[in-house]
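After this come two complexes, each holding chain A, first together with chain B and then together with chain C.
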Partner chain A sequence: MAIFNLKKREIECKVVYYGPGRCGKTTNLEYVFKSYKKQVTGEMVSINTEGDRTLFFDFLPIGLGKIKGCDIRVQLYTVPGQVKYSSTRKLVLRGVDGIVFVADSLEVRREKNMISLKDLQSNLKEYGKSIFKVPLIMQYNKRDLADEGIPLMSIEQMERDLNRQLKVPSFPGSAMKGTGVGVTLKACLMETLKSLQREFKWAK
Partner chain B sequence: MDISLQIKSLLNEAELYRAQGLFPEAKDKYHAASAMIHKIDKLKNKDSLLKAISGKIQSLEKKTEKVETGPTSPELSEKGQNLIKSLFGENDLQKAVALAKFGQFERAITELEALLKDDVYRVDAGKNIIRCKMAIASVDDAIDQYHQWLSGDLFTGHQLESIRAYLQPIIDRKGIDKSLPVPVGERDEINAADSGGIEFSMPEPEEEILDITSIGITFTSGTFKGKMVEFDVNFQSGGMLSLIISKNDKTLIDELKNGDSLDDIQFYSPIAMFKGTAVVANKTQINSGPKQGDFCLDLKIKST
Partner chain C sequence: MNESVALSGSLGFLSLGDIIQLLGSSGSTGVLRLINRYAPDPGFIYFIEGNPINAQNGDIDGLDALYSLFGWVNGSFEFTREAILADKRITKSRMGIILEGMKLLDDGHIKKVGPATSTDKAAEMKRLLSKTAIVKGPLVDYMYVVDEEDFFDGEHIVEEGKHGSWIWVILEGVVDIVKEVESGTIPIIRIGDGSFIGSMASFLLQGHIRTATAVAVGNVQLGVLDSQRLAQEYAGMSLEFRTFLTSLDKRLKQLTERIVEYHNGNVQTADILKDKKVLIRQAKTEEEQLYVVKQGRASVVRNTENGPVVLCHLYKGDFFGDVPFLHLGQEPEGASIYGSENIKIAKIEAVSLHKEYNRLSTTFKNIVDNMATCMSVTADIVCNSLASKKAETVDTNSRQGK
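Moving on to the complex of A and B:
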């Protein structure tokens, strides 16, 4: 849940990167940390386990400066992908204001994408939120692998699989190379701030 | 495609999936490549190739096992624990509970024990200590802890009774045949009741009320009969829920009057969904600030 301090005109909101294991959530955050030095306001913290898998979450605080007279701070999180960490995913999702769903373009991960999106929907529902209403952006990651002859799904197919009903903004990307990372985050922050504006009318 | 190219591309895929930590996918591709190699008769280095692949498959199996059997919540560094506290808790109790939720039980217990000194947090801290003990040790440890508190003087009888009322059903549910002794002050009251004649009111047992994040009210009468509407819960204090309802929903709000009982409510909490009933305790229109014109509706949960 966004924290408002209307006297000081400060807003702190929470954006979560969601998606199946190994789809590139942590890599997205690492790229943001490396490339947006001016916006990054603190350390990126990753709590990892065996083989660099995110165990609990990654965390990175950023600041957007003043927008419409309000100082906007954003906490970026990722969730762990493995099935056994479902309770952590739920904890991290608590009070979320905006979501980036990172889908893996690898053909072999097709089903995992769909299962993860379903998991997101049901976790949101437990917090009384609808996946159709929450600010949500899709990223189709690992597009760079097409050049290496690895079978990827087409964007059209991914749209059909994941975004036919949701119809949210979506972007192809390569978190490893950094393409699409910035536009995805920016789109998500825009949707998030718009939704907070509808709800709380913070901008004058 | 030329068969050797096909094999090459399978191995290429397998290698990439391995590098990305997608072990089952990598294994599938190695197996497919291996099956294809078997079928070729005149291949110079066939045996060494097959051996190399089966070595890769074995090492993948080892890695998979490591990932799967790794601890689900290893002890974190102090820095990691501090981050969890600051991100997932607002007051000291929530911070300590957040540690427990992330499996950092030892540190959680230390912090909860410190909170026992605080009258405001004592009962909740006690219940959560019990919870942690059950998670890392056993129900017996939790029972021992209760007995220890019972023989000390940190808790009032009433506070301890609240902990007993929390722990006893857990013991019962586990099929353990043990009943916790009722704290002295509380027992006296019960005995007094047994002896008859004296009128007194039992203290209401403090029930565990879950965090409720939103509710769905199904109207059982009036204009909206049969319709379900969902509201976020903006504030909760025990069994009292406060909802801010937009002035745009005025027709809805008009249906709800002080004292009305709502007999079909769906409660959504982070860990469960359940049905129950509530009473409209208070309804006020907000007349200043950013929510001016909206309504604040307080509901008292009656049963869940």
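Moving on to the complex of A and C:
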């Protein structure tokens, strides 16, 4: 649930990048941080966790309009994949408004993707959320590696593996090169705001 | 409570990370005081316009102190609004502190300050009891659960010698039952889902003193049982059945104490068995009668490879023999009964007890069954502890069975 900061007339919402270790969550966020510098407020917080890095920064999306005259501030997070980082995960996932699931296109990571998605589902459940209801976007990352002859899964296969039941919007991407990063974030923000707006209507 | 307190609550509900976020988004200035009953001094964090600028935990201050406070996973907090004069020692961003703090906690670099005294011992316990089986019970009947309580790894659920008449059922997790003696902690038994903490003695007016300590292994969820309802059920039972239950409970207590005695190595079996006659011989299965001791004393003794092991003593009013509806793992199949010279016994109709047992509520039946299982397992542990004690004396270097 988004936080209403009446002092600053802001609505703070939380978008979390989830996915298996080394799938490119951090790279996604780093790209956003670099290329949308003007919209980023405050510094990027980077924490080295085992085998991965956890990132956080504030983001002010432009052109998404206002809700009830309040600006929208988005907190972007990545979440550490390892099981032992439960405190961090709990903190990050609590009250999450939108999720980007970054899947690894490498053939060898097929199972890791599925395990991570299952993991997301059970984690969300712990905080009383359903993976089917939370605004969720898929990104099939590392598409550029096909050019280097590394075996990748086809988009169709990944859709079948991960998105058959969820049926959420999905985008191919290459976080290293920056392709697909913007659209993914934008789609996620749109979904998040739509769902927030739905909530407000109920509240009326 | 102080009037200037603007926000207070429990750290178990709202963690330090959450509190800092909350104070951050409201841009508050003031002092956050954390109180943990396991820490000698309260912890302080000073905020100016939502950002932590200094902290203090005992002797340390600054960022290190702030990180160390993330280890206070339970306790209480209160935030007071006041002008801050403290030096600005912390410049790191709020979110950076929170994420780093959480990470350090998960990495184990921050010591969790809960029941700090038992953390070292708990590790040792885990090693000791890892080989022991976990006693589990049947599915929990939620009709009798009035409340749920959570305990964290190493926390003491009940402590030996303390008062209390609650009975809990373990909904999820594992609990070690231990005895505290001068030389340290002696593990008794490890129990899991569906097992009960607390004994029949809880229903007796005078029996509110805990006889052992229960320690959570990992996180444990307990259900508090409706003790009034159980006590009512107990009060409605026949005198015979009630004495039968207390007799079983006494046995279990004796078995527990026996482990402590064997642990200290001060039991002379030979003396106890002198001048005793055999009433029931071990492994004679045709014995299907239940008796009550009317006078004198009887002993339950198991014959093992290492010689006879005295499990417990029976006195006037205690039962022995074959209980058709419970598996106690003792006489007749697993132990013999020796009687003193002057012993007088009487036969008991097991049928009426059996009928009464069948009429029990599910929860009560589970408690009785669980008690029987615990008796059976504890008896095995008594014998094993004797065996390992012997092994220890043979090989003094061996640390087995400590």
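The rule we apply is simple: the second predicted complex is superposed on the first by the 170 of 204 C-alpha atoms of A that agree within 3 Å, B and C clash if a C-alpha of one lies under 4 Å from a C-alpha of the other, contacts with A are read in each partner's own complex, and residues count from 1 in each chain.
We take it that a contact is a pair of C-beta atoms (placed from the backbone, for glycine too) under 8 Å apart; a residue touches a chain by one contact, two chains touch by 3 or more.
Values in this document were obtained by computation on a predicted structure and should not be read as measured data.
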{"item": "Partner chain(s) touched by A:156 [first = chain B, second = chain C, both, neither]", "value": "neither"}
{"item": "Chain A residues touched by each partner, larger count belonging to chain B or chain C", "value": "B"}
{"item": "Contacts of A:91 with chain B and chain C, given as first, second, both or neither", "value": "both"}
{"item": "Partner chain(s) touched by A:45 [first = chain B, second = chain C, both, neither]", "value": "both"}
{"item": "Chain B versus chain C as contact partner of A:12, first or second or both or neither", "value": "second"}
{"item": "Partner chain in contact with A:109 - chain B first, chain C second, else both or neither", "value": "first"}
{"item": "Touching partner for A:54 - first (chain B), second (chain C), both, neither", "value": "second"}
{"item": "Partner chain(s) touched by A:148 [first = chain B, second = chain C, both, neither]", "value": "first"}
{"item": "Set of chain A residues, in rising order, touched by both chain B and chain C", "value": "45, 47, 49-50, 56, 75, 84-85, 87-88, 91, 94"}
{"item": "Chain A contact footprint on chain B (complex, rising order)", "value": "9, 12-13, 16-17, 20-22, 25, 28, 63, 66-67, 70-74, 76, 79-80, 83-84, 87-88, 101-102, 213-215, 230, 232-233, 268-273, 290"}
{"item": "Contact set on chain A toward chain B in their complex", "value": "6, 21-22, 45, 47, 49-53, 55-56, 59, 75, 82, 84-85, 87-88, 90-91, 94, 106, 108-109, 125-129, 145, 148-151, 200-202"}
{"item": "Chain C partner contacts - residues on chain A that touch it in the complex", "value": "3, 5, 7, 12, 42-43, 45, 47, 49-50, 54, 56, 75, 80, 84-88, 91, 94"}
{"item": "In the complex with chain A, residue positions of chain C that touch it", "value": "15, 17-18, 25-27, 93, 95-96, 98-100, 102-103, 105-107"}
